[in-house]
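The letters A, B, C, D and E name the chains in turn, as written, and every chain counts its residues from 1.
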Amino acid sequence: MLQHAPVIHLLAPFYAAIIICIAGMWRKETAYPIAVTALSLSLLSAVATLIKVGIAGPVIYAMGGWSAPFGIHFHIDALSALMAVLIQVVALLTAIHSRHPIHSSIGEKSYLYYPLFLLFVTGVTGICQTADAFNLYVLIEVSALTSYALIAMGEKRSVHASFNYLLVGSLGATLYLLGVGYLYLKTGTLNMQDLNFIMTTRELFSTPTIQVALILLMVGLWIKMAQFPFHGWLPNAYTWAPSPSAALMGPLMTKVMVYVMIRFMISVYGLDAIVDSMWTTWVPYLAIAGIVYGSLMALSQHYLRRMVTYIIVAEIGYMVGAAWLATELSITAAFYHVISDALMTLALFLCIAAMRVRHDIRSIHDMENIFKKMPITMVAFSIVALSLVGIPPTSGFISKWYLISAGIDAGHWPYIIALLLASFANAVIFFRIFEIGVFGKKPAEGHHHEESHDKKYLSEAPFSMLIPCLVISASIILLGIFNQPFIEMISTTISSISGGEVLQ
Amino acid sequence: MDLQTLLVSKLNYWIFVILMIVGIWAIMSKNNLIKKIMGLAIFQAAVILFYVSLASKEHGTDIPIYPHDLIHPEHHGEVDHHVEEDSAKAHGAYEKHETAHHEEEHVKHSDDHDAHAEKDAHHDTHGDHQEAAHGVAHHDAHAPIADSINADDFNNPLPHVLMLTAIVVGVATLGVGLSLIQRVYRIYGSIEENEILEAIQNASDDGLTLQPEEEAAAQQE
Amino acid sequence: MENMQSNLPLIACLISLGAVLPICLFGEKRRNLREASTILAGILKLSVVCMMVPLIAGGKVLNFTFIEIVPGIELAFKVDRFGIIFALVASSLWIVTSIYSIGYMRGLHEHAQTRFYAFFAVALSTTLGVAFAGNLLTLYVFYELLSMSTWPLVTHHQDKEAREGGRKYLTYLLGTSVGFLLPAMIFCYLKSGGNSLDFSQNGFVSSFVNEPTVAIVLLLLFVFGFAKAGLMPFHSWLPGAMVAPTPVSALLHAVAVVKVGVFCIIRVFTGVFGIEFLQELDIGQIVSYIAAFTVVVSSLIALSQDNLKRRLAFSTIGQLSYIILGISLLNVYGITGSMTHIAMHAFGKITLFFCAGAIFEATGKKYISEMVGIGKRMPITMIAFFIGAMSVIGLPFAGGFWSKFYLVWGTIANEQPVLLITFLASSLLNGAYFFPIVFKAFFCKPEESLFEDKIEEAHPAAVIALSITAIGTVMLFIFPNPLFDLAKAAATQFLS
Amino acid sequence: MKVFQTIIAVVLGALLIYAEADFPAWASSKSPANAGELSQYYIKNIYDETLVPNMVTAVLADYRGYDTLFETVVVFTAGLAIFAILGTGVMREKKTAVPAPKRIYSEPPFDLIVRISTRMLVPVIQLFALYVLAHGHHSPGGGFQGGVILAASFIMLELSSDLRAEAAKLTHRMSIWLGIIGIVIYAGWGTLSLFFGGHFLDYDMLQALFPLDPLMARSHSMLIVEVGVAFTVSSIMLLIFRQLVSGGYSIPDKQA
Amino acid sequence: MIWSYDAILLILIVITAIVSLSIKDLISATITLGVFSFLLCLLWAEMGAVDVAFTEAAVGAGVSTVFLVATIYNTTRKSSD
């Protein structure tokens, strides 16, 4: 059954969604266990695929038995296998986390919430594995539609935010579709490997159609990943969404679009075609604008959730900037940051949701003495904060290390300065929170006052929300220390793809 | 290339560009939410126009359906012929299937892609792929019609398939958008963007708590 | 100089980290047990470090590699003579500071003492991490963790000034380390072809840097990157951190933070650039002039400070620049002097801080103008203060004399009249801002004295601690040889 | 603000026109897309490999069956999403009587002509819908078109007569059920081929189930898949219409 | 693929698109959009894309117009721009 693993971890959430639809109508509480078991099964098969890819190189799974350009097929190399594992991990932890918030806020409709949740995971996993450009559009639409509904089930203002997201998201997806159309017009195929093969053999890269196709594809993907000028929809959408949806879509939706951008850059257009194009000059400056904008806005926010959304915008700036420095090292750095940033964003959302559920904390000023009230969650929160600032043992430091070395390697000093300023802004943000969290809000006159140590004061987050927080912050540290295998796998794949001999 | 030929030979693409501009302009600058959704629908229709117009060929090409006489060339007294033909076909097909499936399995996984990757002529790999499937020429009536078709007198079917999907996806997005508009109307009592933003601004609470649904109130009036 | 695999350095680091658990578990209810576990951990740590001393003195280098974080670099410990000197100073003074803080914290009924002791222990383990670091990356890792773990200590009082001090502390330390240090380190890593950043005999920078301008920029990036050393433009976090309780400022100024800054700069000079390379390019001059400027200006500012702790803070900035001046002389005497001055200044300055804390705890006085005639009331404290002052000024009968002697000898060996004058002038200035305090305390006219004649010392634990360090300062003067042999051997090894 | 948007639209237009100069002539069969290896292969080999005269249905259901599966999933997701977004009203008012908006459920003005003509037309439309579904192979049509026309017939019925009575016959729970049945047929058929050693959605394995040659197996499985699609599309389109018209206050099921 | 018939259809399509966006009354705007879709369906049929024409007619024009009217029914009919 192992050779069907790529399909298994796609179908497991899909079938689970259907089962929940059926079972949920009678007994609401069956939704949660089915979701968790399905996601753990798909995680297992995703890890199996990753190991198989690690050993035997890229796995090609032809859908419907048709060979390369005629049918749709999966081309799973190390990048897509890693993304698949990342998605299953994030989805599983969010599913475990979501029991309490979903039960309390939209309990009676949980039999609708979980199918949408699982269909989103199916769509996003499909995006990571497919090798067909048009199929990618359909999967983007699947995940987009589910995310509109997942957002709209939140607070009062989430409905209008979801509508704006729908308009901008569909615009972006349709621009992507148009870009694929331009590619098809010029090359005649839809399969990514085939596109690259034809574009290199006929040296089509310089023709205006392919250039405009690149512009359309990139603008479409930037809209979907909320890169700086097109990020308008993200802050509202993820601030008012229910916390499990924000925890699911925050790390996944934008990061998968970065993966798609990298996939198009190296597998379809080819790195050597992109290096000498004028893109590598002006796109990093756009990314720098995004980093500076995101960091400044995050500094000025009081609501925790809105602050995290602006941090996401800044992090997207890191990845796009690094990717478009267009050297193998910089794309490795960008991809590693995709993974580490997904984990960090998820951890932030989970901790904030835990604080919201137990102590109704929404803004920075509510976080008085939170370290005493919820010590374990705050330990997880501070690990993530240190990782975002870039303090050594965490994965944030390693990704910052590789991003800066990519900057130095490409000699792009403004990008490095922007990175350092952003990590300093993160430091200010999080230490402001630590100050209020550890030392309380109103400065105590003199320093003789008692503190309350009674039991009522100390109330930790519910068990099902605490475990994901701890697992994620532990994985951030572990990913930081044991990062070599991941870096190794990513860089060999990227160099083999762009190293000329295009792996079929 | 003087204007006349430029305009005439690519009229479709000009109209596609105009519709794109109309669509995007409507999405961004229209104040009414329903008008925005209609702008989105027009924008998607423009993309469909682009795809379908790149699929059609010179005048006189046929719709992508095989005409009846091409498929069943001989129709005289096919009743008895039919039975015998079926059994032959079944037998021939079964045996052909064995090799084809095996061939296909083998071809799919290993050499097909390497052949694909090599620079040599594309066509022959597909030739032998085809022969392999038909290598064991079954001798019944259903002779392969592949080589008897001239590919140029049929429209290209692929964009049509893609556009089928795009239209259905467009309608699905339209449905979700309209349901969101109804919820927005229930909450804010209007579907004009400026009025909604005002309602959000002076909403006393920061929109965080799920108030006892205003929808019920909006619904009553 | 053969290497020896051993996990002693790891154990030394982890002891104090391990101590955090019992401290938190015992917490506020069983205070004595908590304090006992801190001191026990201190003693254990000192014993492990002492176990290493004979091995190191015998010429061995203990190293321990953990995991390869970045291709080519592992989290590795490499303990050599210089590292062991600093480790000895840090772990011994931790015991004394713990004793002192029992007295101080209980005397003033401070709040959140568990948090204080826990973070204190974490700070010490990261200090030893820096001392034993084998390459630039491990050094950076523990350098950052030290800034993180000392921040809650600085903002211990949780009032307005404490928070301002904490913010300033972080802005300077994080800003310079992420702003200057990280890019410089990555630049070295990339340009050196991705091989390791280990502190080798004559440094790895020489392999890829040839024209002096790049070397100077890189050196300045490193020197200003380690803002903990308090060089002039990035020094103002130090007086700002005076809001912390005295054991913390003692930790900051004598035991851990500033010493780590200077230690890292010496590591950069010897391990990253290599002394010959610097001599050859002759770029030590710039750093020595910056240090000289810092010495003079900080001594002048110290003169004008009325708050005792702020005056001590500025004197620390001056003393640190002595050490940087010493290393930038790039000759045997300079390097020996700077290494030993770390130890001498540590003992001297910690005594002064303990006395300042004792005065505050007993009488609540912070300002020097209020301390006229305090000698009659707290004789032991003021005598210890006098000994500490003598060591910092560099007069005989106190350890500081020897290290300053070597530093001055270094300047003469280099025929640098300007530096010689700065040394002597600053010693005079040190005297100018320490001796008035002592004279006013003991020899003031009876009518001016603000205190009655009865003797009323601070908390006994505090008095014991400050007397131990005062005696230590004197012992260092009488038996300087063990320390100086280690330092000379290390200096010659760096130069050969 | 309006000026800014027009500028953006015009810039995009200019970009597209810039690329247009490089387009191949409009309807030229030599253009890479039309002369490309992919479309040539499809036009030449579809009938030989799938025995389905309608190339579009063949490519839609077989060659790119995975695409169509996820297209059906898009439709199903849209149904679920709308039900989740609009349904919130229903759940809260379960306890109180459903404050059904007066206009919709009141008896529409009795209009004999409309009522009778729709009652006569609906069966014809449904027959045509089934014809379109069944003849997807030979003539234009297929799962999607058939499903929508089926849904259109139900919508016509509901618009002309009392919505409450009609809705009671086919509750929203039932339409979700039908949607699920459709998807299960499609995806189930694809997964079935996994057990017979083929790849996902590989229709050759029907031949292992029934004594048919693989070509017939392919065309028949395409029909089955089209039926699945029709199920989903018809029920979900009806659900969406019902939700949009009633604004989420769908009639509570009998047992609720 | 008669070129002149094609050109007329295209011009009509553009006109109906612009008109449907500029009408104030939403119901008539929706009907105009329906006309726009049916013209598109005619264009596809004329260009040889029969399947797409059928889908556009059934799904594009038919159902979306019904959905739009249903939504307008539940919200307001007048629009400011």
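By our rule, a residue touches a chain if its C-beta (ideal position, glycine included) is under 8 Å from a C-beta of that chain, and two chains touch if they have at least 3 such contacts.
Nothing here was measured: the structure is a model prediction, and the numbers come from that model.
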item: Chain C to chain D, fewest steps along touching chains; value: 2
item: Shared chain contacts [chain B and chain C, defined touch]; value: A
item: Chain whose mean Cα position lies farthest from chain D; value: C
item: Chain whose mean Cα position lies farthest from chain E; value: C
item: Chain whose Cα mean lies nearest the overall Cα mean; value: A
item: By number of C-beta contact pairs, the top two chains; value: B-D
item: Length of the line joining the C-alpha centres of chain B and chain E, rounded to whole Å; value: 19
item: Cα-centroid distance, chain B relative to chain D, in whole angstrom; value: 13
item: Intercentroid distance (Cα basis), chain B paired with chain A, Å; value: 29
item: Separation of mean Cα positions, chain D and chain A [Å, integer]; value: 31
item: Contacts with two or more other chains, residues of chain D listed in rising order; value: 16, 23, 27, 31, 33-34, 37-39, 41-42, 54, 56, 60, 64, 67, 71, 74, 77-78, 81-82, 85, 88, 101, 140, 144, 204, 240, 244, 247
item: Multi-partner residues of chain A (each touching 2 or more other chains); value: 62, 65, 69, 134, 138, 141, 145, 148-149, 152, 159, 162, 184-185, 190
item: Overlap residues in chain C, where contacts from two or more other chains coincide; value: none
item: All pairs of touching chains, each written as two labels joined by a dash; value: A-B, A-C, A-D, B-D, B-E, D-E
item: Footprint of chain B on chain A - complex, ascending; value: 60, 62, 65, 67-69, 105, 134, 138, 141, 144-145, 148-149, 152, 155-157, 159-160, 162-163, 166-167, 170-171, 174, 177-178, 181, 184-185, 190, 194, 197, 201, 240, 303, 362, 502, 504
item: Chain A contact footprint on chain B (complex, rising order); value: 24, 27, 33, 36-37, 40, 43-44, 47, 50-51, 54, 104, 107-109, 112-114, 116-117, 119, 129, 158-159, 162, 165-166, 169, 172-173, 176-177, 180-181, 183-184, 187-188, 196, 200, 203, 206-211, 214
item: Chain D-touching residues of chain B, taken from the complex the two chains share; value: 9-14, 16-18, 20-21, 24-25, 28-29, 53-59, 61, 63-66, 68, 71, 89-90, 92-94, 96-97, 100-101, 122-123, 126, 130, 133-134, 144-147, 149, 151-152, 154, 156-161, 164-165, 168-169, 171-173, 175-176, 178-180, 182-183, 186, 213, 215-216, 219-220
item: Footprint of chain B on chain E - complex, ascending; value: 1-3, 6-7, 10-11, 13-14, 17-18, 20-21, 26, 29-30, 33, 36-37, 40, 43-44, 47-52, 55-56, 59-60, 63-64, 67-68, 70-72, 74-76, 79-81
item: Complex contact set, residues of chain A against chain D; value: 4, 7, 11, 14-15, 18, 21-22, 25, 61-66, 69-72, 106, 108-109, 112-113, 115-116, 119, 122-123, 126, 132, 134-135, 138-139, 141-142, 145-146, 148-149, 152-153, 159, 162, 182, 184-190, 207-209, 211-213, 215
